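After this come two complexes, each holding chain A, first together with chain B and then together with chain C.
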Partner chain A sequence: MKRLSFVGILFITLLLSCSTEDDVNGGGGDQSGFDRKVLLENVADNIAIPAYENLAARLNSLQSSTTAFTTTVSVENLTSLRTSWKQAYVSWQAISFLEIGKAEEISFRNFMNVYPVTVADIEANISSGSYDLSLVSKQDEQGFAAIDYLLNGIGTTDEEVVAVFNEPTTGANYRQYLTDVVARMVQLTDVVVSDWKGAYRDNFVNNSGSSATSSFDKLVNDYLFHYEKHLRAGKIGIPAGAFNNVPLEDRVEAYYDGEFSKTLFLANLNAMQDFFNGKHFDAATNGESFKTYLEYLNRNDLSTLINDQFDIIRLESAELDDNFSAQVRTNNTLMLQTFDNLQANVVLLKVDMLSAFSVSVDFIDADGD
Partner chain B sequence: MKFNSIAKGAFVLGATLLLSCSSDDDTTPGIVEPATYNFTRNNESTVSFSGQTTRILMAEELAAAFLDPTATEAELDAMFAHQQGDNDFSDADLNASDKNILSKTAASRDFFFANTVASADIKADYQLWIANQVSEVFPNWNTDATAGQAGAIQEAGGGPVRYVNAEGVEYNQLFTKSLIGALMLDQALNNYLSSAVLDEADNIENNNNGITAEGRNYTTMEHKWDEAYGYFYGTAADPANPNATIGQDDGFMNKYIGRAENDSDFAGIAADIFNAFKLGRAAIVAKDYTVRDAQAEIIREKASEIIGIRAVYYLQQGKLGLEAGVVDYASVFHDLSEGLGFIYALQFTRRPGTTQPYFTKTEVEDFITTLVDTPQNGFWNVTPATLQTMSETIAAEFNFTIEEAAN
Partner chain C sequence: MNHTLKSYFSKDTEAAPLAVFRIFFGFMMLISIIRFWSYGWIDKLYVKPKFFFSFYGFEFVKPIGEYTYLIFVLCALASIGVAVGYKYRLSIVLFFLSFTYIELMDKTTYLNHYYFISVLSFVMIFLPASAYFSVDAKLKGRSYQRIPAWTIDSIKLLLAIVYFYAGLAKLNSDWLLNAMPLKIWLPSKYDLPFLGSVLQKEWVHYFFSYSGAIYDLIIPFLLFYKRTRWVAFIAVVIFHTLTRVLFPIGMFPFIMTISVLVFFEAKLHHKILHSIAMVFRITKERFDSGQILHYNHQQPLLWFLALFFIIQLALPFRYLLYPGELFWTEEGYRFSWRVMLIEKAGYASFKIVNGKTGTSFLVDNTDFLSAFQEKQMATQPDFILEYAHFLKQHFESQGHQNVEVYVDSYVALNGRLSTRFIDPTVDLGKQKESFKHKTWIIPFKDEIKGL
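The block that comes next holds the complex of A and B.
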């Protein structure tokens, strides 16, 4: 039985890959007749561009709050700066999975949100006042997580944090570093937004065939890569010790804030489910999506299973503490259960959905040595 | 073309199924093949390869010491050329051992018995890498590596820090991966599986008559075969059934059999190698030297293929990294350093049915020159085109494609 079905799968795979060869970046269809171009238009116009514009706007607010704080270092300005940081961080979760086009080219995600940061290296940058944040090796010294450290990690009370930024000899370097980190995030985001609003939008939409380099194939892969590596592993699995049996409470997102990791996780989870359903950014309307594509292929069963699993993840993770570090310390089993729930959707998305779309996985787990 | 590949795929699949079906019933007359690598005489095991396990563990400790910047050249040299009783390792059993790595590096009967010039040359490479790690890399442990400057360089995404020489080469990776060839592969394929060793002196006569080695429960021929086995499986959790944990037991042959096995293009290779070892050993018990030698050829082909696959894999990983919009040099250098080690190991592979490697020492040296002499600053200036050409040259000699190796 097992061998028979394997032969079947093999033949189906070969046949499918056979027919795709003729259909390189063509008129937006695959062999099923589904118009991938309409899906890509929905992604570009109703999800990517508005979500990136929202991120850019939130980062501009963050930059204004940063200027206000560095001009007048006070607890009051620190509080409003933190609020801006949180709003920007949440808006990042809405689009962080779309590492395609310019974002991929400039390694956007790795410059915006690597955590944990390396505190010793951040402090060395600050004390020397000399650093090049464009270096790949400095990705764990900038971005949202570096701001988390600067606003929440350099003192235990608000007064202590303010005192560091106000220190007569060293305070200026802290203010400068915060300013530079925020400015770089603003600048990188502007590069991505203007590319989407410029030539890239049409390139993305018109590359609607079904080769490995077509927009749809890359989009599905980028989505899955983010789901596995950043949502499942980064936010839950690694802190819970799912990969090496050792829970690591300092690996959570927004570690220094302490109360924000669950909010960020849920924001990203919701964004990924919304994307699956083609939901327009910040609106109740849905457009062409992975879900409607599956339905077109008569795989309503699968799209329902995937949505049900997203709902299960959300429902069961409601039990988690707002502070994932605390959750890992007090009841890591709940974190591991969340991981298992996320894992269940990997199979549905990566095996069943990809097979339905006849898209090949273009990434592998890193070598790890 | 596409139809051909379907037909070919179906044929290969069919053939595989047929083979895997038949292997259960298809016992060679007179040969009793056990389910696991368990062989006994008078109800006691005849299998022994403790010397191989010892050398693998010594190599593990030495590889780790490459990343201890407080280690001295003398200390690393002593780990490489251990003398019995010297306190070179953290493991007391290793210190008490009369074995060492150096004496078995590039030291097989078939390749180096009458080629001590090449053997000495290769041994000197290892000692040079140790010396260079201490003199070039350790003093720059806290320096940022740049083109022409040895030091530390961190991978993207807050990844691991790599310690490289002025040309971007990680000596620890070069040392470790090349040693898979110079020690494990060379000793197994070109020494212990060689009829020159298996049949030496009166081994055949003694094996035919069940005459065991003095004070031992095994015949000398049985033991030689087991010593080859030990270089592949000597650290396995269950040495009689090593594929249960293949890839997890050590950082040398075991690890990369596991890596190949986990690539769906090569799934089954771990069983192929293990089954050949097991059947070959059973053939020795049954005094069937034709079947024994046929198994040795299978092991030679499959194990050599793993070296080729990994060399191409890392060259392709490096190429992919260099083609990215933002180049993660630390990651590229790490891949290329591993690749450099596997390329070095190619000279110890064995083309089945011959006494030749897939690539000669000279060809390997040319590859290395091409990668490192670019013409200056080594990996900092290597091009994707160079990596692609080299991948093609290597893959062409083996029975796999670049695509199969790269994913």
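The block that comes next holds the complex of A and C.
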């Protein structure tokens, strides 16, 4: 009997030592199971870093165009500034969902792209000339949407916009505000990019365990959060009035531009699907992804359904007007239909995929049965 | 028969096992409360949320804001009282009440383990757990070394019910034929050293499923017989250690492991008490009076406990009174020792409709519920109904007219594709909560055979 209990205790000690080791670091790298580490490497090296680098490059062009415009305020420079802004805005959609690591720490998404902006506050900042854009309360006074207002919202024609920036007394403040807003976006992006290219990449990849704080769990949760809150609700649901009874045409992305909201939506939709499939940024190659993980778990049925649903969303949203404001005004039913299509994938992603991965929804760390 | 019963109920036994049980129970409860508090769960689960899900009939039991901490303080003090056996009867009653109050505050946090603690502490109210080796015995100067045998046996019976019923619940086609949900849960623990790669193999999922079911079914018997007791105890330790490693189940494995010590003979417990006495410089001998405790009114108490155990045995089968698949509807699921049995995930999106004009809008659940509450709500019809009622009230108080509440909900069970869960055409605002079958649950599309 004594010997038996000794063996028992030995066994327990062994198991317990295993479990404590687990808390320190995820093992990863075993051949027989699905290696989440390879998936994380794919995300880091082939998606996150190149997409962020691309965003940084686009923002640098935006900054150059801004300098050119503020130096010589002209309709011609305004047009090329708008082009730079659009390109940067599209490149933002490719990676906006990855609110993890440094991006999460500095609330990257909220400082880059909160819309609608509060025009009165922006104007107050400009006329006073004193503002601290790093304040959380100033999130709706900066970013892509603030530039949208400055380039498209302060006048109805190009000449009017140019006139505001050229106004002898107040023009300088407008030019300064534009410069500051762009500079802040460049600076924030640099922080995120240099972190990814520095220590964070390895931290991210090596945190390949299965705890609630592991990279994979966070990644899945961040992905779902973005899909539900920012793609489904932010870009479509809220303007369509899904949450408030009435359509709200001024809640669309790039509201002042008018013709760009659909482009941004589709860019983000594609990025979400590409990420699901592990598609390398700006390349035709696919790596380990949610899709291949589902396939490893013998859930090809599910990965196919999810991809099919993404295709349905894209196909049916092709009918939408380039200008979502016009869309909700003229035929909101179509907008609501897009919302329903997006919603159908929330179920597949959040219920079926999450359950198949056995990943728990964010921040639940209470005991289970 | 009558004679056998009579002689059984007049049999006495050593009080030491019950004393040890009392000490360990109180101590484990104290640790559990401290742990719960230190993780910030009181704040997160009972203070922060704006809305709490009530058990039917216990709607008046709610957290009391910041004062909720006081309930935990009371519970902790009571568990110390239980452990040392000071004013034992008062302590255990307070423990039972405060602990049960905590569990009733929000059914989001319902766990079979918590229910087990409530039931166990209720039974302990009627047991002479402070007769021996307790502050009470010392203060009164009267220690009983022997107590009626049925008192300790009632704890054994309760433990046996928990195990055996947990085993019975596993006798279904999902568990045995498909190794579900272990087939989902185990591979996700791929990063465990040594075990991680083994857990990927399908035969391991089946092995764990079958050994888990067999373990639950036979462990009470193995513990009961002296010859198999040590082997059983080793199995208990291995089983609970494994569950601790694999699943986030908190203190429960430790509590169960310590609890089954009650099956052992008094010799072991005297050793344990001796060690405790050494550490705390207690004269154990002063309690070794050789006196036998007799209940003054044993007969009515026995009838009462008999009724209690009959209810315990019957309650898990109440699901038979409901139509439909139990794992899907969860009607009669709780309070039945169905532990770690199903993998269920859901999504519920509520629509508030003006019944007259037809205009509608969707609810953002995160405005009202924590992530944990939302997760629990989405898969359980009684939660969905209660939340729908809350939403109706909330939006009416905001001035909305003719409020109707509809839900668009999907649930995935044990690896099946998600399907619609609640009838989206039913105005949940008009449905009443009751113990009757909820007709607006869309029947399960598949079939799960077994208990």
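The definition used in the following text is that the second predicted complex is superposed on the first by the 333 of 369 C-alpha atoms of A that agree within 3 Å, B and C clash if a C-alpha of one lies under 4 Å from a C-alpha of the other, contacts with A are read in each partner's own complex, and residues count from 1 in each chain.
The rule is simple: a contact is a pair of C-beta atoms (placed from the backbone, for glycine too) under 8 Å apart; a residue touches a chain by one contact, two chains touch by 3 or more.
What you are looking at is a predicted structure, and each value in this text was computed from that prediction instead of being measured.
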Dominant toucher of chain A (residue count), chain B or chain C: C
Partner chain in contact with A:Gly287 - chain B first, chain C second, else both or neither: neither
Contacts of A:Thr118 with chain B and chain C, given as first, second, both or neither: first
Which of chain B and chain C A:Glu104 touches, first, second, both or neither: first
Contacts of A:Pro247 with chain B and chain C, given as first, second, both or neither: neither
Which of chain B and chain C A:Ser210 touches, first, second, both or neither: second
Chain B/chain C common contact set on chain A: 7, 11, 15, 18, 21, 364, 367, 369
Chain A partner contacts - residues on chain C that touch it in the complex: 39, 41, 45, 109, 111-113, 184-185, 187-197, 199-201, 230-231, 233-234, 237-238, 241-242, 244-245, 247-252, 339-341, 343-347, 349, 359-364, 371-372, 374-375, 408, 410-412, 415, 417-418
Residue ranges of chain A touching chain B (in the complex, touch as defined): 3, 7, 10-11, 14-15, 18, 21, 104-107, 110, 114-118, 136-137, 139-140, 364, 367, 369
Touch list for chain A against partner chain C, complex: 1, 4-5, 7-9, 11-12, 15-16, 18-19, 21-22, 26-28, 30-34, 36, 208-210, 214, 233, 237, 241-245, 297, 299, 301-302, 305, 343, 346-348, 350-352, 354-369
Complex contacts: residues of chain B adjacent to chain A: 2, 5-6, 9-10, 13, 17, 144, 153-158, 251, 255, 317, 324-330, 335, 338, 407
